[in-house]
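Next come the structures, one after another.
First subunit A sits with subunit B, and in the next complex the same chain sits with subunit C.
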Partner chain A sequence: MDILHLLADETIQVGYALLGALTPKILALIFGGCLLGLVVGAIPGLTATMALALLINLSYGMELDGAVAFLLAVYVGAVSGGLNAAIMINIPGTPSAAATCLDGFPLAKQGKGGLAIGTGIIASFVGTMFSILVMIFLSPLVYMIALKFGHWEMFLLALFGIMICGSLSAGKDPLKGWIVGFLGFATAMVGMEQIFAYPRLTFGFLQLKGGIPLIPALIGVFGISEFLAVLQEEVAYKIEGRVGKVIPPLREFIPLIPSAIRSGIIGVIIGAIPGAGEDIGSWLSYDIGKRRSKKGHLFGTGSYEGVVCSEVANNAVIGGAMIPLLTLAVPGSPPSAMFLAAVWLHGVRPGPMLNFENPGFLPLVAAMLILGSVAMLFWGLSLAKPMVAILKIKREILLPIVIPLTVIGAYAGGVRIFDVYLMLGFGVLGYILRQMDYPLAPLVLGIILGPLADTSFRRALQQSRGAILPLLERPIGIILMLCVAWLIWTGIRGTQRYYAEQAAREAAEDDLPDPQ
Partner chain B sequence: MKKLVSITAIALVLALALGGAAFAADKIWAKGTPTVIVGFGAGGGTDTSVRPMIVLMSKYLGETINVANMPGAASAVAAEHVLGLPADGYTMFATGSGCFGGFKVKETSNSGWVEWTSWHPFQGPAAILTSAKGDLKTFGDVAKALKEGKINMGVSGFGNGPHVIMQAIAEVAGIDKINYVTFDGDRSVATAVLAGEVEAGIVTFSSAIDMAQAGTIRAVAVMMKEPMKITDTITIDPIVKVLPGSDKIPDLGETWPICIRRDAPKEIKDKITEAFHWALKQPEILDYTKKKGLNIVGLTGEDADRFISLQISGYSWVLYNAKMAEKSPADFGIPKLADWKWETEKKKLTK
Partner chain C sequence: MTFGAALAIAALKMRVFNDSLLISPGLFPLILGGVFVLLGFFLLRSASKRGGRGQASRIVGTENLRAFAASPKVRKGMTLLLFIVLYVMALGHIPFLWASIAYLIVTFTYLKAMKLHWNVALAVAAAWAIAFAFSDLFRIPMP
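Presenting the complex of A and B:
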């Protein structure tokens, strides 16, 4: 009964915070911040972390509730905005939207860009709201799970992520997915490793000592390679069709509910684990969705379910990441680290003392996230039609406009021209991989997960003083190892099946009578 | 009529340009917006220590100062970036003071203290943490378990402040070898102690003071000369009380300096110094440092040079002795702590 009282109490407090926030000033900050976030998120290379880093100083002059409202609205907007560019031009606006490209862009090519954006925005809304509910009511439970993730479990989680590369190859050769995934993994090894700061694969270049940053690589692989591919075509494709409806009909949305719930749970848990983030959340959710769905074979060819899996999960990370942030002051994702810095400036200290020092802060965060999601839904759906209109511009006109933006995006993160060269290099690499029919997504996943896997594995060995056996006894580790083993098994089976089918196809072609 | 419109337009443009020029003449950074490049990621310990100061300094100077992050190679990438730009005073650099000790010996940057003018707002003493529920209740318990090689010790990285201090403590306490486990930041070390992932940890105390106040972790010693009272009922022993001989350990506690190239314009540096001292007196900073358990040190000018020179000496030799440096500090004329003298070091400025 005590728990019920506690839950009722939490609900009342969030309700009060919501009512308190319904002032013109706060609403203006939320709707303004969210729109700003959506625009930042839509521009490739500009991320939620970057937006929050730039806006912290601005929020300093505001009252606490205004600052929280503004920054969280920007955060929700930026995470959600990434899907626009992913769907429209096949360049993820933020790394967390990379998985959305896989189905979003094929849908746009089929003339369903409006519905794809609408579905993505609604999925983002559902994901954020789901995670807020978990944050309010199940925080202690998720926090206990997250606390069990030591170095060994983080390594296994990253390994789990790498192993899904094979299934991200969208019906093509799974082996190619693995190869590209490990290429990304190797790319992530460049630079000073994070334990002893020993330079690896730097060949004496100082710039490489800092490693290969994700964003220039991401923009290069997805964006520049797309540009090169369009240049090569005699008549660049143009996406036809009416903008049509943006909001998907309810009967099409209902079958997606189980996927949405599953993706929400994955997103919240990944968000609550410090060191993971929106991008890992969306990839894992996408892969599990593909395996669990009855229409999994359609993933990668333009499946609304694929968009839902990615977008629900990356937004559910927001509420998940707030759990360790509020209870331990350990941010679960990079943008939430910026949010933490901002509230520190306002004298609020998240962590175990939060309930004593600022008892109203958690309900305030929940209320502002709820309003931020509503604002995101409003702007996202209102802007979907104008966004789709961009698709109607001929690609050979649109892409040269986008390229300077991508250069700015690649440059903005590290403020160094070297990142622009890196972006171009990865663009050429992406183009070659496309020509050879290799999937691009595993490359990015490898770069994201490489440092996590490498550092966590070696730190786990530090902990066990070089012995493997003590690590194998950890309960969550055992569950994760079983999952990895299952992934390897299904991966091998998938590869065998692919080659068997290919051999059968070739044999059938050989058996065909000669037309002459 | 057309002519009139043209004349008005030209007059307007001229007025705007002249007005703009007059406005710009009052500015310290007339040609653009200055930027502080933080050598670590957004939201990290250095980033969150630098931002409150920059916000207030901006306010005092009446000009926006941007903050950007350029992580990589323990902030050496950012240091090299700033040193590679003109010395016009438009780009500053912020890092942890201990990082300077690694630059030359790890061959990541050629800069030492001579290349920079620095301002150090506050210093964070380190503290040794254990789990509140565990058996390690005093510094003596931790030292004994470490000597027996029974426990692991969490640090946020090799060669950073808390690790270097722990090495100095180990030397005084006669601990032969410590098995360290590294984490992503001091806060993660404290969380790992709380979760039982490591039995003990050493962190810059500001990052975990609230957990000690809440009683979820225990601080068994803090690197200070006086006891540190964190709540009405919890007072932490200073290291000098629990470890005889530790008073000889030099001041190796990290600061988070804002730096500018030494050859930047003097008038810009003077204005920054003015804003720096003003910001340190503001209630926001007093409250921030009190809550985070930081000591306001306000080091500028020669005091700041002296401090970084001493830190470089301490940190670089610890890195070298731990076989974590490519070059010996002696190759760069960096003295050992025992041989360090400011009068000798100071001469490097005139070379």
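Presenting the complex of A and C:
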């Protein structure tokens, strides 16, 4: 009964937040932010994380509700904007739209590019709305569980977060993901620790006493490294076919409803996994859709169902990612990590205590996401043709303009030129890691979760007076430890299998007769 | 492995509070150092099993390094990075607007974005628009 009461209360609060947001100022921020997000997302090479990195500085001077409205609208717009390039030029605007290329581009070649864009935009809207509903109903339950977490469980949660993020984002070689995750933990050790305020690893730099600021680090890792990685590649592309009609007939959607629901569920689950992100959700949903659908054989040849599987899932990740972010302060995706950094600046501390400290924040997020997805639907359908025109602008013109924006983003938070140097350092680190096929999401998650892991671990040991056994008897802790152990086991097995396959492939190539 | 060892040594040098390492600031970095040493060992072991020593000497060999440095992709990436480094260094000494104009002109020209006069015009317009929008419109502190 308690839970039903809580859910009813949550729904009413979302309703109030929605009504409260219907002011000209908030609506202008939502529609403006969403449009900016759509444009940035549509440009190949600029991701949703980059969109938030570039536009986060605009939110510094806003009130909390305005900043939340603006940033979430940018997030929704940028995740959805990637489909325009995926469909019209076969290059995903954002990595989350990569699976959309497989069916979107064949549809564009058949002269149905507009219908594919329209279907993708409506699917994105459905995915976001579905995930918001799940977020509204699931978050109170997670809050109730999270309140039972002690220091030991919080430490294990942080550890589980980077382990699973490392496993999922590194693909076949989880060891790389874990190394980067622990590197993030090590980065978070810089500066004064939270128990004795003792400065660690500052190397004599006064500026490092406060720790590594999150926003410059995020902008560097995702912004600068992405800029370098994208521009060093020579990619020629041309717009395929004409856009044509955009809004698809309603009857086309009815057979797609089961796929949309399945993709929504997949997206939310992937979103709720720390650091996994939109691209994993989209690929997984597409893959499952292809195997489960009666028309799976048509996937890859220009199937609307394929577009729906990818686009519903990548947008459903948004609401899913907000669940661990709001309840446990663990971001579910890299753009949500950016959002977390922004709300920290506004004095809001997501986590188990959020409902007591800021009871209206979760309903506010839900309301802004709803309005953001309405704005995305409006702009996405009405601006499909102009959006394609943006793709005609050369990347060599658009991308360099990004760098001054990243500089402002890094500088404006702390008003220190040192933060710009830090951004550059993290940009170089991100670029090197990218070149060596290391994933970047675990690094960011490690930086965010590092202080939590460190403080919780030491406080747990302090509570148990240094004894490990009492800690091993806690039920939630046991579940989390089993999850971590399972991740290590499957990760090591996966790495071994990957290297064995690679060795076999290389041996087979060596055995091939020399053509000369 | 070296990074892990360095982290562990730095952690051991940190102050111990209340005569107990358990709550002291060095505990977690010490464990992390150990984890890096362990992960580094696993990486080295699996690499050596796959004939890593031979591959490593081939990779750091003169021929390979020369080919790496001559690769157009690497050169382009490094040049673009150099422009950013110079731009960021310049920001500490000259105003944002001028540094941004210079950076954009150089980068547009290097990337052959447009004809030179258009590169200059766009660089000036973009840098001015950014500076005006952020400092005057949004009142954001500028470098």
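Note that in this section the second predicted complex is superposed on the first by the 278 of 516 C-alpha atoms of A that agree within 3 Å, B and C clash if a C-alpha of one lies under 4 Å from a C-alpha of the other, contacts with A are read in each partner's own complex, and residues count from 1 in each chain.
Simple rule for what comes next: contacts are C-beta pairs under 8 Å (C-beta built on N, C-alpha and C of every residue); 3 or more make two chains touch, one makes a residue touch a chain.
Keep in mind the model is a prediction, meaning the values are calculated, not measured.
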First (subunit B), second (subunit C), both or neither touched by A:427: second
Partner chain(s) touched by A:328 [first = subunit B, second = subunit C, both, neither]: first
First (subunit B), second (subunit C), both or neither touched by A:196: both
Contacts of A:210 with subunit B and subunit C, given as first, second, both or neither: first
First (subunit B), second (subunit C), both or neither touched by A:408: second
Which of subunit B and subunit C A:178 touches, first, second, both or neither: second
Touched partner set for A:338, first subunit B, second subunit C, both or neither: first
Which superposed partner A:60 touches (first subunit B, second subunit C, both, neither): both
Which of subunit B and subunit C A:462 touches, first, second, both or neither: both
Where subunit A meets both subunit C and subunit B, residue numbers: 57, 60, 195-196, 415, 459, 462
Subunit A - residues contacting subunit C, complex: 57-58, 60-61, 175, 178-179, 182, 185-186, 189, 193, 195-196, 198, 200-201, 224, 227-229, 231-233, 394, 396-397, 400-401, 403-405, 407-408, 411-412, 415, 417, 420-421, 424, 427-428, 431, 453-454, 457-459, 461-462, 466, 495-496, 499, 502-503
Contacting residues of subunit B [partner subunit A, same complex]: 35, 37, 41-44, 47-48, 51-52, 54-55, 58, 64, 66-74, 76-77, 80-81, 102, 106, 108, 152, 157-159, 179-184, 187-188, 191-192, 194-195, 197-198, 210-211, 213-214, 216, 284, 287-288, 291, 324
Residue numbers on subunit A that touch subunit B, as the complex places them: 49-50, 52-54, 56-57, 60, 147-148, 150-151, 191-192, 195-197, 206-207, 209-211, 274-275, 328-331, 334, 336-338, 340-341, 344-345, 347, 349, 351-353, 414-416, 459, 462-463, 465
Touching residues (chain side subunit C, partner subunit A) in the complex: 3, 7, 10, 14-15, 17, 20, 22-29, 32, 35-36, 39, 42-43, 46, 50, 73-74, 76-77, 80-81, 84-85, 87-88, 91-92, 96, 100, 103-104, 107-108, 111-114, 122, 126-127, 130, 134, 138-143
